[in-house]
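Notes follow once the structure below has been shown.
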């Protein structure tokens, strides 16, 4: 699996196609088949009690694997989320960013699959795991 | 499966425990083992292109099944989402609310399971399906 | 969703491509978008304690949705299982066949999605639910 | 996560409670939070075309994570599979055993979660991934 974007190019590209992502996510690390994406936790990501909400964890997992797929496919690519699964295992810690460590398990012609572990920054045990599948439409001629 | 809330009591209870839900969701219909929950689609629920975002579909599925569980268990109950799966099958229609038709498949002592079909209002084919599992902690004595 | 096989044609076709299926499964009912598949429970499908095993439930769910997809696509079609999810909710009853009631939720050009409820024959509450996704490779010219 | 069984004790225990497992599975490696389980592939595990069948992959994933949970909980423990998800990504190689590399992500009082990568022996790319959840009933007093 060869990267076609470096970390800065990936972040630039995400900001370009998803301008609303700019304030919420940043790429901590990027390597072949692997990315660490950060959710810059703000009030709008929280649920009552002050922990990160389910929809915000969904967004982090989806952005992490989507960015990882694009970092290997480049600008012309499209990818549409077709399947997602989640196990919520521990409560996120209040007042900490959430990190998504994603790895690419398959990058085929029509399907890509990646999984993610989500951690509250500085903690060793994952708060959640997720698998995401993307359909990659054929390029138009 | 016997309901302990009617539709109004369920909506009141959700507004009480999740005040931020008030502007986003409403209960269209409630019966034994079944609920239809409406996402009152607003700009903040959209992704680029104007269709409902993945995190907003997650929120609708989770609120629908969570509300359905509470409508059968009542005020003292707690329920924590432990597993979620999604298949995204069609693009939601622009400019329409999203409806979640949920049914309760299991209401056990420690686990509840429900599934949901998500529809753009007025359309026959579902845009997504989801299954949600909740852990029900034992009541404190 | 239009069927291209009737019940007998579907059973004949399954027996032809999966001869080992003949002794294990039969089609109880088939309609547009819906099938009921029966697992003819035998000793080899059981786990210790005498209830139907997890792998046998997997096989029933997969055969049910696979058959449903083929009944709409016909003889030339290929379909490869890409994703499966299961919730095991109750213990199957000893000494009863297992029925899988499947419905087709999406039949696209490249992906098909169906879900299944599994019942011990004669019981009202499902023992399990499953969702299966198939990739449909393009036909060769 | 502390082991209460070593590799031999785990294999003995599995053979004792699941005698039918003896001919199908063996423990290649066991460590805190991790196990590698081998499916000793035989004709009955194959589908037409000679590759390992879906139900056999289900069995390997389930036995791997189940064994891993028991290796940490010991003889008195019960564990019931409640949820399973699978992504099938590549065709297994003909004529090779299948290895399941499982890790324990959560071992709580009432729920355990583990995930598994399945490999054809000697190959680097996984043929499938799976997540399994177990409910752990309270011990009787």
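Note that the chains are named A, B, C and D in the order they appear, and that numbering of residues resets to 1 at the start of each chain.
Definition applied: a residue touches a chain if its C-beta (ideal position, glycine included) is under 8 Å from a C-beta of that chain, and two chains touch if they have at least 3 such contacts.
None of the values given here were measured: they were computed from a predicted structure.
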item	value
A-C or B-C - the one linked by more C-beta pairs in contact	B-C
Same-interface partner of A-D, chosen from the options B-D, B-C or A-B, over half of the pairs matching	B-C
For subunit A paired with subunit C, centre-to-centre distance based on mean C-alpha positions, whole Å	33
Rounded Å distance, subunit C centre to subunit D centre (Cα mean)	24
Whole-Å gap between the CA centroids of subunit B and subunit C	28
Residues of subunit C engaged with two or more neighbouring chains	82-83, 85, 87, 89, 133
Interfacial residue positions of subunit B with respect to subunit C in the complex	83, 85, 87, 89-90, 105-106, 108, 113, 115, 117, 125-126, 129, 131, 133
Subunit D contact footprint on subunit B (complex, rising order)	82-83, 85, 110-111, 133, 135
Complex interface listing, subunit A residues touching subunit B	17-20, 47-48, 53-56, 58-59, 62, 80-89
